[in-house]
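One structure follows; several queries about it will come next.
Every chain is named by a letter (A, B, C, D, E and F) in the order it is written, and numbering of its residues begins at 1.
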Amino acid sequence: MQRPSGRQPHELREITISRNYTCHAEGSVLVEFGRTKVLCNASVSEGVPRFLRGSGQGWITAEYGMLPRSTGSRMDREAARGKQGGRTLEIQRLIGRSLRAVVDLKRLGEYTITVDCDVIQADGGTRTASITGACVALVDALNGLQRDKALKTDPLNQLVASVSVGVYQGVPVLDLDYPEDSSADTDMNVVMGEDGGLIEVQGTAEGATFDRATLNQMLDLAEAGIRDLFEAQRKALAQG
Amino acid sequence: MQRPSGRQPHELREITISRNYTCHAEGSVLVEFGRTKVLCNASVSEGVPRFLRGSGQGWITAEYGMLPRSTGSRMDREAARGKQGGRTLEIQRLIGRSLRAVVDLKRLGEYTITVDCDVIQADGGTRTASITGACVALVDALNGLQRDKALKTDPLNQLVASVSVGVYQGVPVLDLDYPEDSSADTDMNVVMGEDGGLIEVQGTAEGATFDRATLNQMLDLAEAGIRDLFEAQRKALAQG
Amino acid sequence: MQRPSGRQPHELREITISRNYTCHAEGSVLVEFGRTKVLCNASVSEGVPRFLRGSGQGWITAEYGMLPRSTGSRMDREAARGKQGGRTLEIQRLIGRSLRAVVDLKRLGEYTITVDCDVIQADGGTRTASITGACVALVDALNGLQRDKALKTDPLNQLVASVSVGVYQGVPVLDLDYPEDSSADTDMNVVMGEDGGLIEVQGTAEGATFDRATLNQMLDLAEAGIRDLFEAQRKALAQG
Amino acid sequence: MQRPSGRQPHELREITISRNYTCHAEGSVLVEFGRTKVLCNASVSEGVPRFLRGSGQGWITAEYGMLPRSTGSRMDREAARGKQGGRTLEIQRLIGRSLRAVVDLKRLGEYTITVDCDVIQADGGTRTASITGACVALVDALNGLQRDKALKTDPLNQLVASVSVGVYQGVPVLDLDYPEDSSADTDMNVVMGEDGGLIEVQGTAEGATFDRATLNQMLDLAEAGIRDLFEAQRKALAQG
Amino acid sequence: MQRPSGRQPHELREITISRNYTCHAEGSVLVEFGRTKVLCNASVSEGVPRFLRGSGQGWITAEYGMLPRSTGSRMDREAARGKQGGRTLEIQRLIGRSLRAVVDLKRLGEYTITVDCDVIQADGGTRTASITGACVALVDALNGLQRDKALKTDPLNQLVASVSVGVYQGVPVLDLDYPEDSSADTDMNVVMGEDGGLIEVQGTAEGATFDRATLNQMLDLAEAGIRDLFEAQRKALAQG
Amino acid sequence: MQRPSGRQPHELREITISRNYTCHAEGSVLVEFGRTKVLCNASVSEGVPRFLRGSGQGWITAEYGMLPRSTGSRMDREAARGKQGGRTLEIQRLIGRSLRAVVDLKRLGEYTITVDCDVIQADGGTRTASITGACVALVDALNGLQRDKALKTDPLNQLVASVSVGVYQGVPVLDLDYPEDSSADTDMNVVMGEDGGLIEVQGTAEGATFDRATLNQMLDLAEAGIRDLFEAQRKALAQG
């Protein structure tokens, strides 16, 4: 088996995390997993959605979008079609859950942080790159709130990162790019906390079903890959 | 640990699968997982969506909805709000993928089968009940096509069923009802084929993260539970 | 003239009214007019729409929907199409007006009761069955409010029921099923109170126009039929 | 009992029917029932909706709208709200049915005539004025098709007109204006053909229910009123 | 060069401004630029949009629509299509800006005036006719507020009017009708205040680009034409 | 008068035009006017909209969007709100017209080129930057079609570029940034072809009206500025 990119099965693509990518957002990160590029902007606003008002608790949510020509052939603009598709809604729900899983919303207080993940260029793995970049943008936004004395303690419990794994031509591989993703038998997205605990596991049989042994091999690959992503996140956060 | 329903951790709720529940659909099944009741109607139509036209291949898709008062407090009617929510779209995409995973779409030929899963009464596990009931409705629709000589061979490769598992008060449990689901630490939906292969695994940490050992315990529970669901499906299909 | 069902012109289909059909709603009724089956769930909520706030007066409203495969060929799901059709809106406005006509909204106080009428299986007369079943669900909801001491007096003035009449092959007939309805010359829906007073009369010439004599014959049939429906409602309410 | 307008119970408002009101439509009529003014434009197009294609049969449909400030206080513009309300859909369905009831769609051939009824100024009875004016616009459009030799015979079977009747302060009255309509006990719209046959009867109890005797009194009033409307239509059509 | 209408290049169409055209609006004007007819209704309401609440300042806004058959061939009804098109939004934004440019919103106080411009018949120049007519309707509404002592001073600084100019067959011409507009090389809409100051200039090259000299010729034509429109506005306002 | 940025009145911001910014589009340009950054992706597809089918003529259209946090405070995502706002539609119509003005659509043949202009970071002048960048992306797409022998001749007649001008604190200035734009008295966008001909002129009085002399001063500034933009476009196109 030869991966289209020539990578080893357990090899991530080149990971780049650039902070302060745009100038307005409280946290702004361009995350790159190889040719996949996602801009993650964290916006802080006072107040919380109605169901939390008066609870003293904050809220973190995410929105996701793809620029129409981030992909090989142009997709319709969701704003022009008048609604977000099922895939979009599914991904932004996943990003939001993943971020909330590592933050103590009580310590956040009645602030809402919205992380917009907009795909500039897509080559597979946009949701896992989004989670990984959004986490860093979120950290910048939370640090800003602490610097401004709006928060006394850090609501972040740990970092969160995510990677895809799959079975490509019978072999479990890490961090699928688009050519692999579109012909993989099985596709799984894993979201993990720095403590090694699982936050989300979403595995889908695309062609054949998969067995428990394969599931475990894929989880092993994902765990190792995500540890490297934590490294990249910490390195980015250590700068400037 | 005491489950609210008094069940053992590995115990399913009472499962009932009633075929021919309504008179118009090519397959019509009321599936009950305890107090959760979902009506699954399979409709056959000639032709396929544009992206498959001329391919000689069929298509299977699903739609999901909840009656406004299937739940403890009334939800807004999605038709009145003018759009389906993210959860709805996510679930109907899951049901569709699960059904397609067990059918040879080439043998189906250019027919489309739409399975509508409408929740009459909800008490947790509506998506897993939907998949389990939809499979039986689909079988009835496929058998009808064969009886009518529209199909020469059975496109079904195997049955598919689904169950939820989770960690409730620290203990892995099978087939969560609403009181368990709403306070579980971890929630996982497993979709499996009759051959024991996994089709979908979707695990979410609601509070704390979960480790690999817990994941494996949950999968063990799910596998055993789904085998019982196959038994219920086969028994229902054997009747009349 | 021979009715497709073999019924006499003045004969209702078999009427069944099952209370407590689902477990969450304050009133839950499955009403059956022959093969037409409608689930009517009454939900009580505190507060009233903006135009009534502070008036001390309550509100009763209805929503109507058909499951996509309640009919002979599958209809598009209104939630997926993104809007309710004209027929749906027309019917739910009719149900709401009919229910409000028999309730003293001042005695109801600032509560809103929403009755969802969802057609499980359609064979003509879904709107008249809906009104007839919704009335029973409403009574259960109002009785619940009295039992809970939220209301001191019964806001219900009288029962309301409804039936269709039409001219089939030149003969006025009662309670049209789908085969009759789709080929009738004239179609009329009559809503009446227990005191014999008319609440709604909606007659439509489908092919030829109709004269006053025919109108009166149809009203005679409807009055007799609705009296039987009151009997069925009272019998259902007397149980349990 | 004194009507707010000083009219007798059986007296219509001043009826004006002005043809060729705008210059583009194949039929263009401004109809006035007192202060109620509706512009009815009939547009002819080749072809029919999908469900009639190839049938050799034509189609007639209607759309209805109110200018935002046709009423005492400004209503939201439906185009800005993004949907037509239930009342609008109900009225345009009624206008369409009424027009189709007097035309032989087979003789029309595969043409579609759309009649737009836009309320310029509202003072009660906009739907009955719409039907009465739309009929004249339709006749002009049909005559145009015959003049152009597109049709060989006249598809119109007879004229159709409509008026409202109601019970105001206990007395049945004809052609209610807004002050009467908003406080009437019963409100009924009657659509009739020139042959005296009924096409639509829609009676609604607003407060108390109404009995058969009252229904008959209202129908007597309506029949006489509609005969006068036919007179006005014929006079308008005889001009120019 | 011969204009289709036979007009001189600097000649306006016949301008008619009829006040009190409908009975409900605080200002109601039918404006006619030749065969182009627009009904402009100004509605006063208490309160202002959220972004102005508590500012002591008022707001003026406009909405624009075309009756489906105001044009040569029928256009879809925007309410039925479920959204206003880009051209509609662009025009109503222009009308609103033009009106706000001549009113001191502080002197208006916390009132909102909405001017609905509905095109009854279109023959080119509907947006310029709308602005010209809307100004007169606005004046009537403002005068009403002063008469009612709701305002102590007149918030109007000056009148505003608008006309189109363009290059037709190489010659700059004033006030284009539809046949000219649809084949013009350049099309420009000019909005001006009574003091001769420019409020909006929107010029578009339809075919060839245009140079500064042509721009100036067009502006000269527009200025002269708009002065005549002010005359027509003042004459209309002097009546009754 | 001191511009917030310290620029001279006739001074552009730093202009950067980066080609091949993303990898999938047939033309992909990041254009920067100071801190304003817009990604312009040109996509080529075979076929044309219905109204051009069979005409042998091509079509060029544009879509515009702002990332939610491209601005100082987060804006709602248009895809989530379910519609594009009036400003968005107005801008994308302007971009499309500007591009079509410099292309011979007949020479393009039956291809459609869609240019997506997505604002990554906004600081005033996003529509003028969009036009300027979109032109370069369009050139790359057209060159690609010629390289692929899909086109034999170049459909481009000339380059198009655009800049804003305005009156800031009484002084006409070029290329307004956000702090200037939000407090300018007059704001004008000018679109020009390389031949010096005007394509669009859109001037708006924000506070006071403006006179012809000011209009001319602004146009002088714009012409000079746009000539520099053509220089920047040509330099970018000369590379690689």
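Here, a residue touches a chain if its C-beta (ideal position, glycine included) is under 8 Å from a C-beta of that chain, and two chains touch if they have at least 3 such contacts.
Treat the numbers as computed from the prediction; the structure is a model and nothing was measured.
Path length between chain A and chain F in the touching-chain graph (shortest route): 1.
Listed by label, the chains that touch chain D and also chain E number zero.
Distance from chain A peaks, on a Cα-centroid basis, for D.
By residue number, over half of the touching pairs seen at A-F are also found at D-E, the match among E-F, C-D or D-E. Two copies of one chain, chain E and chain F, touch each other, and the residues they use overlap strongly: the shared fraction of interface numbers exceeds half.
Inter-chain spacing, taken between the CA centroids of chain A and chain C, is 50 Å. Once the centre of each chain is set as its mean CA position, chain A and chain B turn out to be 28 Å apart.
The set of chain C residues touching two or more other chains comprises 82-83. Taken as a contact graph, the chains are arranged in a single closed ring, with each chain touching exactly two others.
Per the touch definition, chain E reaches chain F in the complex via residues 83, 85-87, 89-90, 92-93, 97, 101, 188, 192-193, 195-205, 208-212, 215-216, 219. Interface residues of chain A, counted against chain F in their complex, comprise 22-25, 28, 35, 37, 39, 41, 43, 45, 63, 65, 67-74, 77-80, 82-84, 88, 114, 116, 118, 120-122.
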